[in-house]
């Protein structure tokens, strides 16, 4: 008899043969409104057997690619500094083995840990494509610079102007929007709703560049993704996000994450099922 | 004093005068993910008093048509064979009385029982129009041929090639999609979302034919219908499904069902209210 | 040390300097299906700290306008007559101080109390713009004329023909729709979904007129607003309602309300967050 | 084919042969905290098929007694006066046919309607045995004398001193407790918890008297009955209430009710299952 | 990097060194009321990290014993015959390796599969100690002999009279109680509540005998265990069950199971936490 | 018009006249299992209007004592150090004004902040009476010394041996129980359940001493208090805790807190109602 392995559906390859490594970063200590994203990665794995491995959208199948799932990191609640250190170290280990890190949050702050490892390896000319409802560009939050509300600002501290590409944004303070316009590329959501047309321009501009992709799942409309800490009306549909992902899949992705699933806030399970489907499509778009 | 009757709103006609007969098939033993559809029919009846009998879309009223509601069948849990037999027998009784059977699932497998009775009466040149997120075309599921995941395949066993018309499909194994393309008519969901344009062609092609209509409510997007066992992102809106139903209402419908409402998974009650409204529009489109 | 004040986010101005006054009308005694809207106003205040004060849609900020929040009225459950009297008196007090009343329901019946005060002050040539899923034009409901299902009919009793403008309506009895067409302006929802194009015509027609704006939040689709007593499929998106609000903000609004949030029916909190965001946009559109 | 009958389990006797008549009084308009008891009677009927008809406690079976279930009254929300009138009329009809009225609330106010009919028939020397967490002895509530918080005070208005027997009480204003001690019999809950010992004395004292039994289910501890509007810690266990019911069953009961189940507040369904079991035991104790 | 192992807390021993083997039997197809126990075993594993490995009651620690967790069986929904065969085969494999099988249900029917394997190995002089709210002694349920409601009757078919010891029973048909008294040992629950005093006698009587222990968790009161398909008032407290388990732990246990956790029906998670704690105490009592 | 004040029921005294000051410490960043206690203080205030101000247990009324509620502190999520500093400073301010601090958590770690201020003022001969399911005596948790699981250990760091009195404990690591027995007074929960008899000895021993009282509400059984992060079976009843509180009320209490209500995990609201009632009784026992 064998121990049963805990992995995302069909991501049970041997480490050596795997091209990508999934891991969970169950951290939510800086969440400012409703915590619970620590349960996100486990929920995604547990519920993933409810979806198929085959994508009719891409005509690709997870059983045809090799992915290893290393499970969840054990992070120190209440200590963003040590949590980010642990995430960075784990990401570095994956990168050093020549594999693609695929992180499951947790709150959005965890992106900083993985991004540090990526820029440590590839230098600071890495671009970030961010799907999100919120700018996450605060200088600090109630005095705390290591907060989910500041994570992209901290990434900007590393890579500087022109490297941040933001889609789906529809919430933030006025000065954050100003910062975004001055120092990065922002395509905010307007009266007509989320528009991802500019993804085409972005993909063209980033051809040949290293790209880190971070998807805060609250970029989706609360109707299709209520299970998150800060539901923000007026978001993207599944099909909009799927199309964008398929385009971005052609770029040179050196790291990626999806985050901010807080499964206990959606008893219907539809949010977790959505996260599973997005992860399947993401893996297939980048690796398939 | 009278006993209170348990019926869908305004469907309390005498049996003899009724043109259609509603009945519940509360069976969910083969459900592969989350069970609970056994509570669907009762929920639809109980909550139906929360909607109006009048449809402003069709300018028709349930109080103007005659429908009898025979309540729920008592089916043997854990025994698909006997459950399907009981459904078939009840459907036959309705058909023999010259009335239209309108079944409320239950999991999708129940369609097979009703469809057998329909083909028993009308022969095997009956067409199935299926609205669904899933192909349901597996040869078997974990070795079991009588599973909700195989129900349309079992119907195909009876009527053969060219008789299955599938709309809204966005999940299945690769071989199921291949089977659908080779042996039936499938209009799968793509990046642009669910498209029901081809319903027009279907309606034209089936003029004068006998048609069985089966609506797995998970064809709807989980945002408007989270209360189901396997929520599948990227589905239809209410208005899309309504338009399709109104077109199909002109065909020679010889049996129909709606299924896969699992009310306990949506505490808001919106899923049950949706099922009630779909049933109202369906009855009015076909009988009104 | 100070007592903490209970107010909608950033609406903590002094009464004297305030241009508008928010108050809650937590009444739901005539609700015919699922009660619970009495908890709406408190939920909106409590959860409002989860949204930003800045609107990227309008590029305006709540911190730049002066609003006073007088908290919730204490209304007598089971007594529509006295509840409406209390609402009317409170609204009158606000109007007499030269400020704009902004009421948070409660069930839709509460609109009648505020509207009476408005017409008491401004006369009966006040127009009502109503966003709603339901006509609310019944003569009575089970014999009761003071019911949420009759509230607009009662307003019509005051202002007469041509003063009611209804958007998003998709439910009612046949005679209510006929009444609406004969005595007011109705733009019902059809197969293509909610359409608010006619808001432009309405805004043009009402230039220079006194306008009372009432938003029954069930005008929104249940997917984005499940937390309400009578979820009605086929409703508006957030962006549709937002656009309409921004247009109407240019009119001479003399009173307004949002109502029918029943927070306990949406455990995800997305419905309450939606109500908060709508209220923010409404305040900014009218006062910003 | 037959219409399916809506009744509590095994309570489908013909009216003429029945010794008791169950009916629902789905009214909750004066509820001061959380409404929803209007859904109580329907929930009890729907879920009653989840319990057995046989009681091992009493070694009696519901199939051995004759009970008729007349369904739910259609009461006017927002109008306590007319609701009570309708309840009184229906109870009178049952009494006039020589049968025992068994009412399912609804909020506790509904007891007044049934009690009026009982005293109309039997005169004012009828005693009330009340199980409840709350005294319900207010003179008025926010000025309203017809409130759930005043219902026993209104009954006292009819029958006067010495006719009210209160068990399980643990909440109220100071003056209500004083009133209870002066004008009736109260056995309040103390530090040692609910004690029903005095039920023996009560039963002895009331031998040969007409008795109306009203059970506000919030007399039970919230741990075993969370599904109610005002959960009040420190209540009775099931076994305590069961023992009391079995003793009281020997008295000359001329009317009875159970009330205050608010099923939507307990998603586990345990509260509704409890109400079903209490009703079964009550029917068996009085009629078996 | 290693794959993460899915196991109950601290039950990650190597197979060879393990004295006991845990496995899940996620089957619920014959459930007659509310299904969902298929999610029980996974919930127990996932949530087990929320409890400590140390028991202050027994002063023992899970880290001091060797247990292997083989994960969940993949059972065929809708097919009790093949599900029981698979359970029997897996149990046999564990027994053949000289280890103790510890099964996590699933509905109670799964006990039959494990019990068959146990009697296959040890002969038919094996005694069953059953903790349960229900007799489970029906001859058949709606004609189906392989139902959760018949499971102990099926076990009796194998071992005959005098081998069934039932504690906590408080629901069933009259004839089931009669059968229990005639053919086994039953200690039903009375007005004074659940009493497990007779466990002492039972333990004395079974000294030296082979014993199979089956705990239907609905033996617990719904207040402490609402997350089950058929909550039955008047059950055991945690401390009562714990005491009984510690006594029984001294017997020669040759197989055991806990079953009927339906986690989705208790959003608080307390039911799952209870199941985890019972399993910890059970393992420590028998193996520690 | 006045702004509405946010306070616990009847705790709206002027600061100067108040004898005690309530404040919220909505912090949960170190929670190791399920976060959400940050919503505890607000829930307690919001729902407190659902209980009476009068206690029949103590025959005292909140309206007869003077308490000020200063609202919630704004604490920095993810930063235990600064959160504790802010709590300490606020507590100091209350103590300096000669009033009793009454803190509402938040996770249990917050106790450390208040306790520091108390010992700063009164020296280190202050005793702690702790009601809790967990020892909270870890040296560190995953390397973090400022964790909810270590809070009493940190208090012991300040006051040393013999000053910690622990009741209701039933979970912890083995070494924590050993530490408790060696360095403090522990009355753990055994097979007979929680026993608070020793409270009498404790009260006798502490006569004339300064006492800080901390109540982790998970000392209560999950049946009566499921709304907490780590529900632990086998806890206290309401009446047990109430009796203990009334005895302790006679001591020289110099600070107190209740903590660990996580309201989102109990949709019935019973846990929040329990917390409100405990707070009422606590205030009356100490100040009444």
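Think of it as A, B, C, D, E and F in the order they're written, each chain with its own count starting at 1.
FYI, contacts are C-beta pairs under 8 Å (C-beta built on N, C-alpha and C of every residue); 3 or more make two chains touch, one makes a residue touch a chain.
Just so we're clear, the structure is a prediction, and the values are computed from it rather than from any experiment.
Shared contact partners of chain E and chain F, listed by label: A, D.
Using CA-based centroids throughout, the chain positioned farthest away from chain F is B. Between chain D and chain F, the superposing rotation on Cα atoms measures out at 120°, rounded to the nearest 5.
Chain geometry summary: the mean Cα position of chain C and that of chain F are 41 Å apart. Once the centre of each chain is set as its mean CA position, chain A and chain D turn out to be 55 Å apart. Shown for chain D are the residues in touch with two or more other chains, namely 34, 221, 223-224, 264-265, 267. This structure has the following touching chain pairs: A-B, A-C, A-E, A-F, B-C, B-D, B-E, C-D, C-F, D-E, D-F, E-F.
Within the complex, the chain F residues that touch chain E are 33-34, 169-174, 177, 188-193, 221-224, 226-227, 230-234, 265-267. Residues 1-7, 12, 15, 21, 42, 46, 68-72, 93, 264, 267 of chain A are the ones that touch chain E when the two sit in their complex. Considering their complex, residues 49-52, 54, 56-57, 59, 61, 221, 223-224, 237-239, 242-243, 246, 267-270, 273-274, 277 of chain B touch chain C.
Residues of chain A that touch chain F in their complex: 28-32, 34-36, 38-39, 74-80, 82, 142-144, 146-147, 264-265.
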